[in-house]
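Structure first, commentary second.
All chains are identified by letter, namely A, B, C and D, in their written order; residue positions are counted from 1 within each chain.
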Amino acid sequence: MFGIWGHDKAAEITYYGLHALQHRGQEGAGIVISNGRTLQIHKDEGLLNDVFNRSHFQELKGRASVGNIHYVTNGNGGVENIQPHLFHSQTGSMALAHIGNIMNRDELRGQLESEGSIFQSETDTELLAHLIKKNGQKINEQSITNALQQLVGAYAFVILTEEKMYVALDPHGIRPLSIGKLHDAIVVSSETCAFDIIGATYEREVRPGELLIISRDGMKSTRFALREQRRLCAMEYVYFSRPDSDLNEVNVHTARKRMGIELAKEAPVDADVVTGVPDSSISAAIGYAEQCGLPYEMGLIKNRYVGRTFIQPTQELREQGVKMKLSPVRGIVEGKRVVMIDDSIIRGTTSMRIVRMLKEAGAKEVHVRIASPPAKNPCFYGIDMSTREELIAANRTVEEIANLICADSLAFLTPEGMEKAIVQQTTLNQGVCQACFTGQYPVKKNRK
Amino acid sequence: MFGIWGHDKAAEITYYGLHALQHRGQEGAGIVISNGRTLQIHKDEGLLNDVFNRSHFQELKGRASVGNIHYVTNGNGGVENIQPHLFHSQTGSMALAHIGNIMNRDELRGQLESEGSIFQSETDTELLAHLIKKNGQKINEQSITNALQQLVGAYAFVILTEEKMYVALDPHGIRPLSIGKLHDAIVVSSETCAFDIIGATYEREVRPGELLIISRDGMKSTRFALREQRRLCAMEYVYFSRPDSDLNEVNVHTARKRMGIELAKEAPVDADVVTGVPDSSISAAIGYAEQCGLPYEMGLIKNRYVGRTFIQPTQELREQGVKMKLSPVRGIVEGKRVVMIDDSIIRGTTSMRIVRMLKEAGAKEVHVRIASPPAKNPCFYGIDMSTREELIAANRTVEEIANLICADSLAFLTPEGMEKAIVQQTTLNQGVCQACFTGQYPVKKNRK
Amino acid sequence: MFGIWGHDKAAEITYYGLHALQHRGQEGAGIVISNGRTLQIHKDEGLLNDVFNRSHFQELKGRASVGNIHYVTNGNGGVENIQPHLFHSQTGSMALAHIGNIMNRDELRGQLESEGSIFQSETDTELLAHLIKKNGQKINEQSITNALQQLVGAYAFVILTEEKMYVALDPHGIRPLSIGKLHDAIVVSSETCAFDIIGATYEREVRPGELLIISRDGMKSTRFALREQRRLCAMEYVYFSRPDSDLNEVNVHTARKRMGIELAKEAPVDADVVTGVPDSSISAAIGYAEQCGLPYEMGLIKNRYVGRTFIQPTQELREQGVKMKLSPVRGIVEGKRVVMIDDSIIRGTTSMRIVRMLKEAGAKEVHVRIASPPAKNPCFYGIDMSTREELIAANRTVEEIANLICADSLAFLTPEGMEKAIVQQTTLNQGVCQACFTGQYPVKKNRK
Amino acid sequence: MFGIWGHDKAAEITYYGLHALQHRGQEGAGIVISNGRTLQIHKDEGLLNDVFNRSHFQELKGRASVGNIHYVTNGNGGVENIQPHLFHSQTGSMALAHIGNIMNRDELRGQLESEGSIFQSETDTELLAHLIKKNGQKINEQSITNALQQLVGAYAFVILTEEKMYVALDPHGIRPLSIGKLHDAIVVSSETCAFDIIGATYEREVRPGELLIISRDGMKSTRFALREQRRLCAMEYVYFSRPDSDLNEVNVHTARKRMGIELAKEAPVDADVVTGVPDSSISAAIGYAEQCGLPYEMGLIKNRYVGRTFIQPTQELREQGVKMKLSPVRGIVEGKRVVMIDDSIIRGTTSMRIVRMLKEAGAKEVHVRIASPPAKNPCFYGIDMSTREELIAANRTVEEIANLICADSLAFLTPEGMEKAIVQQTTLNQGVCQACFTGQYPVKKNRK
């Protein structure tokens, strides 16, 4: 999610900003722009580069813009679910973009429907739009505040009208959202890497429970919920964000490297080389190797050109050994005791495949070290993890998992080690949400 | 607009049916299908062939389907305006497709918005959906009847739910809508040419003010408005429909040919050959030639391959004589006195270009005969004609127009001649809407 | 095939010219341009509109150009067979485009190969290029004349070098090729309809056995073969060319209409309406109707939107009556005795389908009249007709064919009628090649 | 370049093999397959995934296949230059694929042309095909050997006929080419990473001056040139090959890491962090860091989604700071003394941009270390380096270059260091070609 207020090239800047966020989803993208009088939209399924071409930017003219990258979860495919959503009324228009998950969606929607509302998508943005317009209210600070106060969940919203941009973050700050400046323009982004790509400077994080109103009069901060301790999603550090982003002022690469260091302290192993699963586990692998004094090597290579139009090998060819995304580097692992660092284990199938791949390439031993705790619980806050039944760690001991993935040994980082690696780096009042590891959910559905 | 109920290949049949209706719009297409439990949709911008490929039909499985071809008027471009529209609620879904125009749209919408409704498109289908769901009502015969009774305008609707298909036509029958049978399945279509392409047989017209409810129990007919005299849009006969369609049981080619015959009676001319502007004026030209005893010739050829990806010639090349869609046939018109039959004159620019083209190709005289009366009034019922300011006939005499388009003579069919050509062919209780010619509007905005 | 010499927008003009020739093939297109120093090419598979976009014309700059439309015969698909072909040598380049067929291809090629030539395509253009360059000769009037004199067949060639354009037609003029002027530029085209679309004026036909050399010094005419009577392919008149083209100064529509008139004289029938199979049989149907005094009606409609991306109905749906390209007009044929005019019968399957379609739509009788003689012999001159085994007329009487296609009666135009309809219209020394009808081949393979 | 002999899925295997080689070129791809009787081809411009879709493999059936990835150098764009090339003759067909550069191309071609040969491309494959067929020879060991003996340069060829596959490597082994086995099938590939992706095992390198003939009778090795010391291109190790490939049995990642180690020994620096330019300089950076005892960090991140359809920022936006491919990681470099490892400096513009980027992101000092010697000389063997004029190191001292790129210090690896890093790892009789660094060219144009 990316927004900008007050720049002549607002749509282009949004395009470049979204480029930096492309790793967060590949299923669709959209941009809405305001020229002060009307809102215009373009969105479609596909990568940003498929959705936009030069001609779109000859039409999307204005000084305020909001864009989004679509990340499909739970079968929410289809162009009608791609954000931003644009709503029209005789008194003005409103575009909404959103990341996260509203937990009391069904109750709110049932109530709205019984009062006559109709829905065209499954999105939380459409839900919020209805809540704002309920009873025919105007779109303003008051109606948005009222609407936000009815939501339970983890979310970040950007709302664009002809004249204002509203930015909101859930009361626990579970989803990330940062504010930057680009000359006189104000920018918001899910990750700071989007600031770097456009040459903007970081200002601060949006605060938990904060509602920002950005307009010709500048940026005004209000609060729609009591301030609680920030509990940013740990998975953002583990694998979701880009290593060059800072989340709550902690650099992601650095956090990952420190997770690797903590992991090495907690679970060292006698081995010859350390390797990481590209791309998200490289930082942890470097940290692990540094701490252990073992050489870090590129034992696994990712095939950069396996895109969506790649023709998947048939079962027959896969059985004959045709690989796809990852290849082991025989020259590095042959005859070696290898420590393979991965960022997490969800279902375990990928880990199993990689261990086998390394052994087929000649690795004598493969010791798996996971730079996060065992994921045992589902996420209700918008990260697409498996259901509890599919989580390999949900009902198994570490030994059982090691067995299943054919590793010579296996160890996970502890929640304490993760806390140490992330939280101790920042001066903000911050914890992290480790609910998927610990089962301690900061927000409960029936909170009230 | 096309719908089918009760066929195993409902989506494919809808695809072929829409093919026959492609001439009604080229900007988008969509199909919704019901499998009895859920509704599925696919729609996009472009020609039918661009929007659908074989893989879509592996997913669109069910026995009831509604589809639409998108015809852009008044800047209602954008995928969000393409029909059918699909709405979800916790008690069931509903797809709507529509042709025509609701005249009290703004009042109805303003009232809905003041009660909290929000809109994502400019379509009348979204408006009807809100009217049906107002106050949280169920989607059934009662709520649909109530909603239809609030509409003022010219329209045809098909509504598909998981379990039923509803079909409605405005109280004056201004827009066309026919019912057919394909084995045990019931089909509805804006034009009967869609029945022919799929091998269905024509049953009857939907009656003005009729609401049909089609379900497992068969087809039930109800009435939501008093029956008035049918007033089908004359422009459907003049140029909008395909010549192989029957509208209100009058074949379009035959009606056009008779318009040509009437025109020849009213405005004969001493000439050598008769030619028509392809494709829609060919029938009238044949009739005119037959009546006059003059040879009908192909004096103008349409370039079939000028599609949307055609590179338009620059102004410079156009001035050098590069033509695009139409070419005159020198061998036919050279040295001849040519009668050029066209179906209508709207802005007059095309007519002017064709007259010049024929003269450059050697025509000695060009006599223009228009197989409809002068169009002087805007259409409020869904045909995209120009505003009054742009209508060349609005404030000009026939001589002035002849002068403007450089014709050696010009004549129009009279409203009486048109009435004779169309209405006298049918046994149905039928008049035609000639409002754009005569200014006598059958439906007024403030009817009530 | 289209070429232009001496125009600043040579590539664009070629593009528009090829547009007028698109009906001659849909499988590929290419354009080569000379800027006086180098030749540039762009070609690909697909319709002209698929192959070229605006950006290509920003690169194809020059004042001389040759283009071609690819017509697949005998499995010569693949981009390597699309013309023009471009050949490079250290002393200059040469592009060749061609229509027709070289009958002694195999002998010439075998001889060239035994001398070390290698081939990358199956095209006659590549063969001619080798013949020209044989023994390392320069590309000039002499080497081209020598090469042409070795060819046996029916052909038209355009050769473009950096500095000259060469145009050649086979000694019998079996394939069509016309010369026009566009201001100071010289244009050549397979059909004159390309002149009309670009605003060029017709000058004359290329003569049988003529070699034109066009350069900065103007156009020079030489002769590489004895002049024989022109024998233009009758099939060009029957269905291959566009009705607005003039071939050997005879308008195609007019020739077709006269074939219809002759056919009506030879084989009248007592009926109610005359209809033609669109598009190529419409002219003959008009002529037939005029001569008989019967009304001409549009009893069959072609679906304009069945393109290459159209999803063909499955066998199951076809059996259920789903039609594709052609629909009968029930309102016109129901209860009528119909004369159905077609331009030719090759395999008979289409005719059979149309007769059945008309009867299913209610026609009481269907009398088939074919505006050309029975096609009994294969074409060796470049028209893709069936082999003798597949030609329905090859071994059958007219009655047997009538039976096979379920027609109530059937008659063909006689060769004499066709001769009368075409040849008597022109002052050129012209016959037509009717070899496919009569078996009298003007060029034999072993001529020498 | 990739070839396979003796596998039922030869075309698919070639597709996956070429995927592993996609980094060697992105401009086009092609595959030819032999089914024992005929050769079939598909090739086009674009990435492998753009060129091939599933339907192609339903047509490309056979047990032997050769494919190539197109790498554009010196404006050899256009589909006619994409390999393999396919040549037909009445006695059989031949497909050729090639990497490298023939130095006496112009002389050979001039001679061939003077004898009547014509060329359709600029490729060395077409040249070799002519040499083989010269004087109408058959395609066999003898004619291929004769042809190869006329070539001067650096090259690897795969030639496929209906019945045999021929594989040849230049007399100095400048270009890489390895042999592997996949069950009973023989595979050849420019890099061994293609063996890993398809599950093949490495057998041996093709020897300098070796011609392999692979047929139903197995693999036969012959020699067309005296064996000289192998002189594999150093640039293959420096940046061209994938890190998981082994070249002459030396792993590329390991070689690069050792270059980093040697560089650290030769040119250490007092700093805080070491970072590498992704992707090709990461290995050297890790080696440098390890040797120096400094932490290796990801100070630069590559945007994976900047593809060919990416809309490049305008000059105006670039000046405002919009970045494209690379972003610095502020959290890592801010306030630090950074060693930036790059694999090579060619024109110096990229280095300059990266140094500035790092400083803008807060780096206190930027010390550039290049893991190869200064590139001062053009490559005549097929690597697309700049001309001598553009090579920043051609006429400048190290200090001058450091100044130009704004580095606080700059050092290059010595040729001796590079030799040590690469050659000492292998037991093969191997040197490396360092001509671009040292000016000592192993092959001269006028060798004979």
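Rule of thumb we're sticking to: contacts are C-beta pairs under 8 Å (C-beta built on N, C-alpha and C of every residue); 3 or more make two chains touch, one makes a residue touch a chain.
As the structure is a prediction and not an experimental result, all values here were calculated from the model.
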B-C or A-B - the one linked by more C-beta pairs in contact: B-C
Rotation, 0 to 180 degrees and nearest 5, that superposes chain A on copy chain C via CA atoms: 180
Distance between the centres, which are taken as Cα means, of chain C and chain A, whole angstrom: 60
Centre distance in Å when chain A and chain B are each reduced to the mean of their C-alpha atoms: 48
Centroid spacing, where centroids are CA-atom means, of chain B and chain C in whole angstrom: 36
Residues within chain C bordering two or more other chains: none
Chain contact topology (line, ring, star, complete or other): ring
Chains grouped in pairs wherever the two touch, ordered by label: A-B, A-D, B-C, C-D
Touch list for chain B against partner chain C, complex: 9, 12-13, 15-16, 19-20, 22-23, 47-50, 52-54, 57, 182-183, 193, 196-200, 202, 242-244, 246, 250-251, 253-254, 257, 282-283, 286, 290, 295-298, 301, 303-307, 309-311, 313-314, 316-317, 320-324, 327-332, 361
Residue ranges of chain D in contact with chain C within the complex: 41, 44, 78-80, 85-91, 106, 109-110, 113-122, 129-130, 133-137
